[in-house]
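Chain nomenclature is as follows: A, B, C, D and E, assigned in order of appearance, with residue numbering initiated at 1 for each chain independently.
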Amino acid sequence: DTTSSSSSGNGLEKTTLKVGTIPVPDSAPLQVAINQGFFKAEGLEVQPEVVAGGAVATQKLLGGSLDLSLGAYVGTFLAQDKGAGKFKYVADSYGAAPGAFVIMVKKDSPIKTVADLKGKTIAVNVLNSVSQLTAEVQMKVAGVTATPDQFVEKNFPDMPAALENGQVDAIAGVEPFITVISKAGGRIIVDEMTGPTENLPIAGWFTTDATASKYPKAIAAFQRALGKAQAIVAKDRKIVEETLPKYTKIDAATAAVISLGSYPTSLSESRLQRVADLMKEYGYIKNDLDVKSMILPPPAS
Amino acid sequence: MLEITDLVHSYGSHRVLDGVNIRAAEGELVCVVGPSGCGKSTLLRSVAGLIRPTGGRVLIGGQPVDRIPDNLAVVFQDYSRSLYPWMTAANNVALPLRRRGLDRRRRREAAIAALDQVGLADAAAKYPWEMSGGMQQRVSIARALAYRPSLLLMDEPFGSVDAQTREDLEDLVLRVCAHHGMTTLLITHDIDESVYVGDRVIVLTRSPARVAADLPVDLGESRDQIATRQHDAFVRLRAEVGRLVRGGSPTSTVLEKK
Amino acid sequence: MNVIRAVGRLWLVPVTLVVWEIATRAAEQPFFPPPSATLARMGEMWLSGPAAHLLLTEQAMDDFGPSLARLFAGWTLAAVLGVAAGIAIGCSTRLSGYLDPLIHLGRAVPPPLLVPFFLALLKLSTPAQLTTIVFGIIWPILLNTVDGTRTVDRQHLETARIFGFSTVERLTRVIIPAAMPKIFAGLRLALSLALILLIIAEILAGSGGLGYRLLTAQRSYLYTDMWGCLVVLGLLGYLLNSAFLLLERRVLAWHTNARQTT
Amino acid sequence: MEHARVLRGVAGVAGFLAAAEIVGATGLIDDRFLPRMSTILRGAAELLVDGEFLADARASLAAWGLGLLLTVAVAVPAGLALGALPPVERAVRPLIEFLRPIPSVAIIPLAILLFSDNLHLRVAVVVYAASWPIVINTIYALRDVDPLAKETLRSFGFGPVSVLLRVALPSAAPFIATGIRVAAGTAVILVISAELLAGGAEGIGIYITEAASGNRMDLMLGAALWAGLFGVLSNTALVAVERRLFRWHDARTGAAR
Amino acid sequence: MLEITDLVHSYGSHRVLDGVNIRAAEGELVCVVGPSGCGKSTLLRSVAGLIRPTGGRVLIGGQPVDRIPDNLAVVFQDYSRSLYPWMTAANNVALPLRRRGLDRRRRREAAIAALDQVGLADAAAKYPWEMSGGMQQRVSIARALAYRPSLLLMDEPFGSVDAQTREDLEDLVLRVCAHHGMTTLLITHDIDESVYVGDRVIVLTRSPARVAADLPVDLGESRDQIATRQHDAFVRLRAEVGRLVRGGSPTSTVLEKK
C-alpha cells in the first residue's frame, strides 16, 4: 500500500514511492540512485514502474497509481496548458547533447538538406513531443514551414522498417535506433538539438501539485537521493553505460558506443523557460506558461 | 375437474379449434381421437396453459387456466425433444420431483421405481441419445407418472413402442391413474386403445376441430387386455369410433354436447 | 405506435446522458468533460459545414470517409474469409487438426504487435491496415462458424447424406442455414471489433481517419475532441449494429419463428 | 484419434514456422527490420531461462486468470438476463452497442484514472472488453433453446428462473463455452495491450516495452510467440473441459463424426 | 437386392445386433417387427451406411455397403429432426430431387404432387414447425416417395397419424413401391400393418437381436384394407406374428433361415 506512512526517524509522510520510468537513457539517474542505495539511505523505498510515455504518466499521477514519474517537459507543459492537471517538476533528468536526437533518411533518399523536408512525412515517436517541436524548429531555421499533418506517430522500433519501406520519408530518432538505421545505410540530415535548441532540456521527474504538497518531506528525500545520483552520472558516462543494460534491453556493447544526452544537475527555471517559449512560438500552447510555478526546487543540502 | 368450454384457437388466420367443449370429472380418463392435424396437440397445449387460446375457456378445478396449472404433467408428442440430453434417464425422471420436496435419495428411488415400471430398470444410467425411440418415449411416460400429477396430459404416449410394451403401458397408466385418482386426457390414434383405456372417448372432426362425438365407455372399472377386447360392447364401440373418425355421423349412442 | 416503441427502446439513453452530465459537472475532472461540451465540440468539428454537404465539414469527410471505407472493406473481407475457413475447418477434422493450434496461436497475439510485421510485409499502409482489421476481427467469426458447422443436428446431416446431396448442396442447403444463427453472432461481434481494430490500425499505420484524429486529440490533451471521437465510435457502433440486426431479422426469420415459445 | 490430432497440430505449426523461415531466407522480408523465424525462436528460447521474463509472464498470467474468471462471472449472468428478458435487452441494447466499439486505447486512459492498482486496471480492461463475446453468444444461444424443452419443465410447474437455470443454461452452455474461448483469447491480448499502453511493474507487455527500447525485435516477437502459445494451451485446456462437460452435445450433433 | 449376413453391432460393450440375417429380393417389401429397443433402428442405420457395424456384411445389389448407397431414401423414426426447419414442406420434399436432374419447376411440381398424395396439398407452403406431428411425418414420407429410390428404408413411418390416414398411407406405399419396383424395408410396431403391407415379415428377438422368424405373407399381390384383413391367412399370420413378438417360438410355418 503506497499510502502507508512510516514511523521511521526522519518523519517521512510516506516511505514507499511508486515512480514511473521509461526504459530509455533518460531515466538512468533513478536507476543509479536505486543501485547505490541512495533512496534507502533516506528511508525511502522506490518502486520503479514502466510507463509507456508521458501521457500515461500524467494520467497515472492524476489517478494516484504513481507518486512521481519521468516526463518530457514538452508533454507535461502541454498537459498543464490544456488544463489536464497541475504538475510540479522536482528534478531534472536528461538534456540534449550533440548526436542524441537526429533526423534521418534512408540511403538513397532524395532528401539531402533540412529544406528538402518540406511537405515530407516525418515519423516521431509521439506526436506533439519534443522530437516534433525541434524538427519544426530546424525546418524553420532552414527556411521552410512544417505542417502538423506531415508528422506521423511511430514507435521507435518500427521506424527503421517504416523508413526503408517508404511509409515515411524521414524519422526523428534516438539511440539505439540511430545506430540501427546508420548500419542500414541511413543518413543523418540534421541534429535536432543545434542552434535554437542546443542543450534543450528533455525530461525530468515530476509529480502533481497535490502530491507535492501532501508529501513534502518524502519528495525532498527523493530529491536529495536523486541529486546525489545525478551528480555522479553527470560526471561519469561509464556508470550510465553499466546501468543501461540493467533496466533496458540495450546491451553493453551498444551502450558503450551510442550517443547519450546530458544529465543536468540542477532544475533551472531559465532553461525550462526556453522550452515553454519555443512551444508558444510554434503554437503548441496558447498562453504564457508560468514555468516557475511548475518547479519544486530541491531542498538546500 | 376439467371444463373446456367453446375453445377456439387460430394460428394467425388459420383456425384450428372451432369451439371445442369437453368435460372431465375428477379421476376420469378421457381419450381424444381425431384426424392428423385436426388440432389435438393444440387442444392439449391450451389445457396445459402453454398457449393462450384465441377464445373460449378452460377451467381446472373451477379455476381458469391463465398460467400453467399446478400439479400437471404432460407427455409430449415429440418426446425426444422433451428429454434433456445432458441428463441420464434417471435424472430426467427425478428432475420434476424436486417440486415435490423430496430429498435427493428419495427422488432417485422414485425415479428408478418409475423406470422399472415402464421396463427400463436397466437404462437408468443411459442418456437419451443412447436410447431407442421407444425407450425415450417410455422415459417420458415414467417422468409424468412418477410426478403423480392431479391432471395428466398425454399426447400419443405409446406411438413408438411395440404391441406388447404398449399393452403393458396401457395397463400401467390405467392402474396408476386409478390408484392416485389422476384426471387424464390422453390423445391417441389407436381406436382400440382409446376404447380400452378411456372412461370416455371424444372424437374430433377434421380441422377446424369440433367435438364430433363424446362416447361413454361402459366396460366397467377393471379391464383386461384379452377379455375386455373380446367384450361385445368393446367391439361395438370401437366400430363406432372408427366410423366417426372416418367422418361418419353419430348413431344411436348419445351425443353428449353438454 | 412507432414513436412509443422507439421511446421504449431508447429511454435509457437520455437517462444515462443526464446522469453523466451531472456526474461530470460535479467531478470537474478535465479528462471527463460533460456530454454537453462534447456534443458542442462535435458539432463544431464535424457538423458546421455547408448545407450542400449535409452540414458535414471537410474535416468530417477526411475523418469518416476513409475510415468507413476501411471498416467495411475489412469487415467484409473478414466475414468472407472467416465463414469460408470456418466451414472448411468445421467440416474436416483433418484440416482442423493441422490448423487449430495455428489459429489459437494467431488469435492470442496482440494485433498492435503485428502491425509492424504487416507493414514490413506489405510495405503500404492501406493493405497493412486492412490486414490488421481482418486479423483482429476474424476470430469470433471463425470460431463461431466452426462451432456452428460442427454442431449441425446429426439427423440433418444424415438426411443430406442419405439423399446423396452434393457437397455444394450440403453446404448451401444444410450446413450454412443450420450454422447461420451462430455465424451471425460472430459477425455481430466482429462488427464492433472492426471499429476497434480500425482505430488501432489508424493509430499505428496511418495518417488519417478517425483513429488518427483520436490520437492527435489524445496527444494534444484535447479531451473534448477525444470524447467526441469516442462518441462517434459509439454512435457508429450502434448504427451499424442496428443495420445488422435488420439484416439478421430477414435472414434468420425461420429461426426466430421456429424458436419462439408459444 | 487424439494422437493423430496432436501430430497434425505439431505438423501444422512446424509447417508454418518453416514457411516463415523460408520467406525470411528468400529476402521477401528484410530481416534487418523483421527478424527471421529462427532468430525469433532463439529469442523465445532465451526467454525461457530469463528470470525476469518468467516473473513478467507469471504476472500477466495472474491478471489473465483473474480477469477471465471475473469476466465469466459477470458476462454469463448478464447474457442470461438479457437473453431471458427481451424488454431489458431492448432497453440496454443502445448502451451496449454504444460501448462495444470503444477501443481499449481509449478505455485504458480512463481506467488509469479509475484504478490505482495495476492488477485491478488490467482485470478491469479484460472484463470490459472480453465480456462481449460471452454476452452476445449467450443471447444467441438462449434464442436457440428448443422451446419444447422449456415447455416441458414449465408444464411441471417450474418457474422461469428454474427453467432458465435447468434448461436454458445447460442447452445454451456449449455455445456459451465457445464465447468463453473467444474471450480467453481476447483476454490474453487485452492484458498485454493494457501493459503496453498503461505500463506497470511486471508483465509480458512491460517486457516487450523494455525489449523495444533496446531494439530487441527477437525478444519482442519471442514474447509475442509465448503469448500465442499460451493462447493455444488455454484453448486446448478449455476444449478438453468442454469435451467432458458436453459429451451429450457432441452425441446429438455432427461433432463426433 | 439386399443381403444382410451375420450382422453384429455393439455400442461400446453393449451388443445390440447379434448376427442378423435378412434377404430381400428386388421389389420386395420386407417388414421388420420386434420389441422396443431391440435394435431395429440400428439395423436400419447399418443398411443405410450411417453406422459401420461391428461385424457381418451388408450387400446392396451385390455391392458391400461401405458408404451411403446410391438411390436410397430413408424415413427416420425421429422425423421431426430430419426435416429442415428453414425450408417449407414443398422445399423439403423438392430438395433431394435435384439429384434427379429435374429443373426447378419440375421439382416443385413433383413435390406438390407427393404432398398431395399424403394428404398435405394445402400445407406445401408451411414450415415444419407450423405443422402437427403427423403432418411432419407425412412430409418426410412424401420426400422419400417423391425421390423414387431403388431402396427405401422406413422406421415406423406411420406412428403419428390417425387410423384413417394410416390406412391411406399404407396403400400409398404399397402402390408406389409396386409401381416403381422399389425394394423396401419397413420397421413397424403394428403387427396388423406388418402383415398387411409386407411381402415378408421378419420378427426380431429382444436385445441382442437375432431373427426369431422370417415369415412369408401369402396374401397375393393386390391388397385391400377391408377384404385382406378379413382373409383367413391374414388372421392366422397376424396371430402368429403376435405370438412371436411376445417371445413365443415359431410354429408350423416354415422358418426360413436361408
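What we mean here is this: contacts are C-beta pairs under 8 Å (C-beta built on N, C-alpha and C of every residue); 3 or more make two chains touch, one makes a residue touch a chain.
Chain-to-protein mapping (UniProt): B, E = ABC transporter ATP-binding protein; C = ABC transporter permease subunit; D = ABC transporter permease.
These figures come from a predicted structure and were not determined experimentally.
The greatest number of inter-chain C-beta pairs in contact is found between C-D.
Each chain gets a centre from the mean of its Cα atoms; the one farthest from the centre of subunit E is A. Inter-chain centre distance (subunit C to subunit E, centres taken as mean C-alpha positions): 50 Å.
Distance between chain centres (mean CA atoms), subunit C to subunit D (ABC transporter permease): 17 Å.
Put simply, the C-alpha centre of subunit B and that of subunit D (ABC transporter permease) have 49 angstrom between them. Subunit A and subunit C have CA centres that are 38 Å apart.
Under the contact definition stated at the top, the residues of subunit E that touch 2 or more other chains are 78, 81.
In subunit D (ABC transporter permease), the residues touching two or more other chains are 30, 33-34, 109, 113, 146, 151, 196, 220, 249, 252.
Chain contacts: subunit C has residues 31, 116, 120, 153, 203, 218, 255, 262 touching two or more partner chains. Residue ranges on subunit B touching subunit D (ABC transporter permease), taken from their complex, read 48, 50, 68, 70-74, 76, 78, 81-82, 84-86, 95-96, 99, 127, 129-130, 147, 153. Within the complex formed with subunit B, the subunit D (ABC transporter permease) residues making contact are 146, 148-149, 151-158, 166-167, 170-171, 246, 248-249, 251-252. Here subunit D (ABC transporter permease) touches subunit C in the complex through residues 4-5, 7-13, 15-16, 28-30, 33-34, 87, 90-95, 97-106, 109-110, 113, 132-133, 136-137, 139-140, 143-147, 150-151, 174-175, 178, 181-182, 185, 188-189, 192-193, 196, 208, 220-221, 224-225, 227-232, 234-236, 249, 252-255, 257, going by the rule given at the top. On the subunit A side of its complex with subunit D (ABC transporter permease), the touching residues are 2, 20, 22-24, 47-52, 55-56, 59-60, 62-65, 155-157, 160-161, 164, 176-177, 180, 183-184, 247-251, 254.
Against subunit A, in their complex, subunit D (ABC transporter permease) makes its touches with residues 30, 32-34, 109, 112-118, 121, 196-201, 206, 209-217, 219-220.
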